[in-house]
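A quick write-up on the structure given underneath.
Each chain carries a letter (A, B, C, D and E) given by its place in the written order, and its residues are counted from 1.
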Amino acid sequence: GTEEAGARLELSAALPDQVPSGATLRLGDPQIQAIVGVSGLDKELADAGITVEWANISGGPQSIQAFRADKLDCSAVADIPSLFAAWTGTSTKIVFQSVTVDPLDHPIYKLGVAPGVNVTSLADLRGKRIAYSAGQAQGALVLRVLQKAGLSQKDVQLVELTSTGDSYVTALGAKAVDVAPISAQYQKLFEAKYPGARTIGTGVRDDASTLYCLTSAVEDEKKAAALKVYVAVRTKAWLWANKHPAEYAKAYFQDTQGLSEADAKAVVEIQGDKGIPATWDNAVKRLQATADLLSTEQKHDKLDVTTLIDRRFEKVQADAAGSDVVTGDAA
Amino acid sequence: MATDAGRLTTTAEPAVRVRNLHRSFTKDGGVLNGLDLDIAPGEFVALIGRSGTGKSTLLRALAGLDRDVTGHGRIEVPDAVSVVFQDSRLLPWKRILDNVILGLRGADAAERGAKALAEVGLAGRERSWPYQLSGGEQQRASLARSLVREPRLLLADEPFGALDALTRIRMHALLRRLCETHRPAVLLVTHDVDEAIVLADRVILLDAGVVDTDVRVTLANRHRSDPGFAELRTLLLDRLGVTAA
Amino acid sequence: MTATLHTPPPAAVDDLTDTRVVRRRLGPGRRIRFAFWIGPALALAVWSIGSATGVIKPAILSAPWDVVVAFQDQWVHHDLLGNVLSSLERSVIGLALGVVTGAVLAVISGLSRLGESLIDGPIQIKRSVPTLAIIPLFIAWFGIGQEMKIITIALISLVPIYIHTHNGLRGIDGRYAELAETIGISRGEFVRHIVLPGALPGFLLGMRFAVTSSLLGLVVVEQYNAVAGIGHMITLAEQYGQTDVIVVGLVLYGVFGYCADSAVRLTARRVLAWRQTLEG
Amino acid sequence: MTATLHTPPPAAVDDLTDTRVVRRRLGPGRRIRFAFWIGPALALAVWSIGSATGVIKPAILSAPWDVVVAFQDQWVHHDLLGNVLSSLERSVIGLALGVVTGAVLAVISGLSRLGESLIDGPIQIKRSVPTLAIIPLFIAWFGIGQEMKIITIALISLVPIYIHTHNGLRGIDGRYAELAETIGISRGEFVRHIVLPGALPGFLLGMRFAVTSSLLGLVVVEQYNAVAGIGHMITLAEQYGQTDVIVVGLVLYGVFGYCADSAVRLTARRVLAWRQTLEG
Amino acid sequence: MATDAGRLTTTAEPAVRVRNLHRSFTKDGGVLNGLDLDIAPGEFVALIGRSGTGKSTLLRALAGLDRDVTGHGRIEVPDAVSVVFQDSRLLPWKRILDNVILGLRGADAAERGAKALAEVGLAGRERSWPYQLSGGEQQRASLARSLVREPRLLLADEPFGALDALTRIRMHALLRRLCETHRPAVLLVTHDVDEAIVLADRVILLDAGVVDTDVRVTLANRHRSDPGFAELRTLLLDRLGVTAA
C-alpha cells in the first residue's frame, strides 16, 4: 500500500465511526475473502470506502514475516502466532475472536495413532513417541494434551518433526512416530491409507481463531476505522457461512483450495459452525493458560496476554452478531 | 582386427594389404578413390603427396580411426599398430614420461620410457608438462611414445616436420636403427622428398586419391652425391608438380 | 632403382566390400535413436509395474492411472492450465532475467580480477545460503507480490549461469587469448569472438541447471501469496493430503524439467557442432 | 655475401632494464592476493553499515553485533558446536556417498550409450522434481532416522556430480580417445588415464555444487526428526521467528559454504596445473 | 607499446631492436641469454636454430606474449605486429573464413579474407570448420589470417612446416610478393636452411640463447645451382652441427 498513513490513534481512544477516505487494509484472510465475495458483503466494505488488498497468506510464520516487512496489516490465525510474535518482538493486537460451536465435536486436530500402536485414551500416551513441533500450533496442542493427561515431557518421547503438508500422516504411516496430532480433515484419508491406523480425540479445545493485526496498523486512524467496519463484516461473514455451508464450501474449499465438491462439503462439515462470543473473557483466559504453559515448557518469558488483545473490537463484533452470539462455556 | 591372417608372415603375405579403398567427407568428391597398396613385413614405405591429398586420411584408415567416414574397400593390417599423429597429441594432463609410457605394462615401463626419451634428446624432461615443451620437443616426445611400443606396423604422419636439420638426422638414424632391430612395416608420411629417399625402401606418391607413383629405392649410397639420388629426386618432384627444382 | 608409374585403373564396377580395421571403441560410440524416450519410458514402466503389483503402495505414490484421473479432474474443474501458465510465466521471466544478469556478471568477473573480487564472493555466499531463509529479506525489499517471486527466481537461476559461464570462460585455452592479443582486437570483439563462444559449453551446462532451478524455485515462492501456479497447487494438495494431486504436480515438474533439459542439450549439440569430442 | 660469426660478448655486468612489448591484456590477468577475503569482507561491511545506519532493519536482518551475541548464546546455552558437528557428519557422509555414486554412474553412462539411456533419464527426472516433495517417499522407504537423511543428502549431491562429470567426460577431445585406441590400452586404463583426468575439471565444478547442495540439503532433512543440526536450529528459529538465531545459522552456512567452495577451487588450481587457460 | 619511436622509420632506425634479452623458464638456465638483434624496416630475416634453442621464445617476446616469463632486456617493435604461430591456432568455434577475418574491420573484410584464402589455395573452404582441414591446410589458413592484416612486422614460426614441396614454393612466392608490396619487416623461423636462403635478406642462427651467426644473403640468383647458395648452405649447416651434409 502506498496510500498516505492516517493520523496516529491512541490505543485507548474510541474507534472512529467514520472511515476517512483512502483507507486501505492489507489482509491475509482468504476464507473471509471468499465468503464476502459470494455473500455480497464485499459491497459493505466498498460502501464504507475501504479498499482491501487481499493476500493469500495465512498462518503464523508467513504472516509474521509479512508483518515484519510491513507488507500486511492483519492475518487470520489461531492463538499461537500472536504469542510468538510477542516473544520475538513484533507487536500485534488481536481484533477478532471466534470459537467453534461444540468445539469438542468439531476439533481441528485429532491424535493420529500409527498402525499397530495401542493408544485408546490419553493415558496410553505414556512412553510413546509423539511428533512434536515446538513453534507450531500442533506443538502447543501436544503440550496441552500432555498436561491434560497429567504427563510431563519426560514421560513420553517427543520427536522433533515439523508439520508441513501431510508430513505427520506420512510419519505415522511409516511408523516413525506412534502418535501425532493431525488435522481432523485428514482422519478419513489417514485411516483409509494405512490399514490399522486410528485417531482419537484430544479432549482439549483447539478452536481458537483470531484475526491479529500489526499494532501500528491499529494505531493508524484510517486503518482503525476501516478495521472497525471489517470486524463487523467479518462477523457477518462467518454467520453467513454457518447458514450457507454449501455456498461456503464451494466458494472457498472448492474454488480456491482445489477440493472436489464432496471433499469440500466434508471439510465444512468437520469444521462445524463458527460461534461469535458475546465476550472475550473465556478466550483470553484460555490464551493466558496457553501462554503460561508454553513459557514454562519451552522457556519463554512470562507474557500478559491482555497486551496482545485490543478489546475495543469485542463489542463491535458482538453488536454485529446481535442475537447470534454464543455465551457461557461455549464461548 | 579385420583379418590378421597376414600376421604370421611368410614373405609372400604382405603386412598391409589395401584394396579398392574409397573414403570421402563430402558428397561431391572422394579423398581416396580406389586406392590399392601392399606393404611387405619389415618394409619401409614413404608416402608423399600434396597437402590435402589424403595422406592422413589413408593413415587413419589403416589405424582404424575412421569408423564414421563414408567409403568402402578392404584393409588388412597387423595387430600391433602404432601411430605418430600429425599433431603430437600428448595428453595435456600427463607429464612427458607418463605420456610416453601410457598403457605400457611391466615393471620396467618407466625405465624404457626414460630411455626412449633420452634417445630423442629429451633426457631430463621426464617431468615436464607437454605445454612446457617446444614444438619440436613435443614432436619428439610423441615419436618416443610410438617407438617404445615396438609395433609390427608403424604409421608416422610427418614425425620430423618441426625438427631442425641436425635433430632430424639424429632421428633418422634412430628410426633406422629401431627398424633394423624390430623390423616393423613402416608407412611414413613426409613432405621432404630427400628424407623419403634417404629413409625408405619404397616411395609412393598419392594423387587424386590413388597411388600415382610407386618407386623402389635401390641406391647403393643414400646420399645427395649419388647420381641416382638426384635422378629419383627429380622424378618425384616432377610428379609432385615441381618442375624447375 | 625401379620406378612404377601408376595410371589409375579403369574405374571398374565398384566392389563395395567394406572391411575396415575394427578397433575396440573406447568412447561412447554412436548415439542411440529415440534415446530421449528411454528414460521416461523406463520411469513410467517401473512406476506402473510397481503400482500394479502393489510394491508401490498408493499411500506412498499414487498409481499412474489414478494420477491420470486426477489430472483430468484438475484440468476440467480446477484450471490446471491456468496454474501451469502462471507458473511458466513466473519462471520464464525470472529465468530470462537471471540468465542475462548471470552471464553479464560472469563475463565481467571472468575478465577482470577486480570485478571478480567484488562479484564472486557475494555470489558464492548467496548460493551457500538456503533460499527459504532469505525470502524474508526479499519480502521486505520487494513485497509479497509477483515482483518478489520473479526476483527470487531470477536470483536462483542466476547462480548456475554465473558459475558455469565464469568457469567456462576461465577454462578457455590461453592460446586463444594470445592470438586475440596479437590480432589487436578490441575488448568487445574479444568478448564476442573468443570469450562468448569459448564459454558457450559452460554456459549451456549452466542453462541446464538454471532451467530446473527456475522451475523448482516455484515451489518455494508460490507458497507466498500465490493464487495460481503448480507450486501453489502442490502446497495446497499437501495441506489437504491429496496425494494424487501432488503427483500430478510432480509429473508436470518431471515433464517440464525433462523437456527443458533435453531442449538445452539439443541446442548445445547444434551450436557446439564445431567440437570434436567424445560426445560425437 | 657477408657472413658475420658472432662470438658471445663477454658477459658484462647485467643491465637489468626490462622494457617489454606491452600489449593490452585481454584475459583476466594475474590473481590478486588476498582476493579470497574481499568477498566476505565486502559482505560484512555492507551488512554492518546497513545495520548501523538503519537501512537494514533488525526485524528483517539482525545486525552483526546482535548475531555475535546470539552466536555466543547458542554456543554456551544451546550446544551450537553439537549442532554444527551433527550437521557436518550428515553432510560429509551423504556427500561422500553421493560423490562416489555420482562419479561412477557418470563414467558408466558417459562411456556407454546403453548405460546412458538407462541412467541418464531417471537422474534428469529426479532432479526436476522438488526434493521436499519426494521426501515422503524416502520416509516410507528409509524411515525418519539418520539413514533417510544421509540418503537424501547423497541423492542431492549425486546430481551435480553426475551431470558435471558426464558433461566433462563427453567434452574430452575425441583425439585423445583415438590416441588411446591406437595404443591398445584396456578400458580400465582408458578410464584411469584419459577419462578421469579429462573429466576432472568438470568433476571439480560438480564438487563445488555438490558441497553446497549437501549443506543446503540439511535444512530440508533436519526438519524431520532431528534433535541437533544447523538445519534443525534454523527450522526451530523460523518457527519461533528468532531472526538473530536464523542469521547465526545463515552465517554458519555462508562460512562453511564459502570455505568449502574455496577449498575445492584451490584444489582445482593445484590438480589442474597442467591447464594453460585464462584462469592463469 | 614499449616505445614506438622507431615506428616512423627513417631507414637508420630499425623496425625491431632487441638488446640484452634474457628469458628463462627455470632457475638453472636461461633460454635467451643476452640476445641482441636489429631488423630494419622491410628487411626479411630468417631465424634458424636447433629444436628447443628458444626461437619461439624470442618470437613470443617480440610479440609481447611473455609477460609472465622471468627475464629482462629491451625490446622495441612496431605497432602493427602479426604472428603466425607454430601451432596453427585456429579458433575451433569459427569457420575458416571467420578465423581469417577475425577482428578485421571494414565492409570488404569478408572479401579480403576470401581472397587471402584463395591465395593460399583454400578457395571453397571458407565455411569448413578447422577440424575439417588437413594439417597443411590449417597451416595455410593460419598464414592467410596473418597476411590479410598487412602488418609492419610479421613474426612467422615455421609457417611452411607441414607443406609439400610444390605448395611450399607457391607459398614462398606469395610471401615474397606480399613483402614487396607492403614491405613489412619479417622474422621467419624455419628449419629448412634452403628455405631460409631462398627467402631471406639475412639469416641468423640462434644458439645458446644468443645470435651465433648472422649472415646477409647477397646472392644474385637464389637457386641451388648458384655456387654461393651451396657455400652459404654448408656454412649454416656446419654451424647447426651438420658437417657431413
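FYI, a residue touches a chain if its C-beta (ideal position, glycine included) is under 8 Å from a C-beta of that chain, and two chains touch if they have at least 3 such contacts.
Composition by chain, UniProt nomenclature: B, E = Sulfonate ABC transporter ATP-binding protein; C, D = ABC transporter permease.
Since the model is a prediction, treat every value here as computed from it, not as a measurement.
The chains that touch both chain A and chain C (ABC transporter permease) are D. Think of each touching pair as a link: the shortest run of links from chain A to chain D (ABC transporter permease) has 1 of them. Two copies of one chain, chain C (ABC transporter permease) and chain D (ABC transporter permease), form a contact in which over half of the residue numbers belong to both partners. Chain C (ABC transporter permease) and chain E have Cα centroids separated by 46 Å.
Centre-to-centre, using mean CA coordinates, chain A is 85 Å away from chain B.
Per-chain Cα centroids separate chain C (ABC transporter permease) from chain D (ABC transporter permease) by 18 Å.
Among the residues of chain C (ABC transporter permease), those in touch with two or more other chains are 23, 25, 30, 59-60, 136, 140, 175, 180-182, 194, 275-276.
Of all residues in chain A, those touching 2 or more other chains are 68-69, 164, 166, 173, listed in ascending order. Under the contact definition stated at the top, the residues of chain E that touch 2 or more other chains are 63-65, 81, 87. All chain pairs that count as touching, in label order, are A-C, A-D, B-C, B-D, B-E, C-D, C-E, D-E. Within the complex formed with chain D (ABC transporter permease), the residues of chain C (ABC transporter permease) that make contact are 23-32, 35, 38-40, 42-43, 57, 59-61, 110-114, 116-118, 120-122, 124-125, 127-130, 132-134, 136-137, 140, 160, 163-164, 167, 169-175, 177, 180-182, 187, 190, 194, 201, 205, 208-209, 212, 215-216, 219, 234, 246, 249-250, 253-254, 256-258, 261-262, 275-280. Chain D (ABC transporter permease) makes touch with chain E in their complex at residues 1-6, 8-9, 11, 14-23, 25, 30, 280. The residues of chain E lying in touch with chain D (ABC transporter permease) in their complex are 1-3, 19-20, 22, 33-34, 61-68, 71-77, 81, 208, 210-219, 228, 231-232, 235, 239.
Those residues of chain E lying in contact with chain C (ABC transporter permease) across their complex are 63-65, 80-83, 85, 87, 89, 91-94, 102-103, 129-131, 149.
Residues 57, 59-60, 132, 135-136, 139-140, 143-145, 223-227, 232, 235-236, 238-243 of chain D (ABC transporter permease) are the ones touching chain A in the complex.
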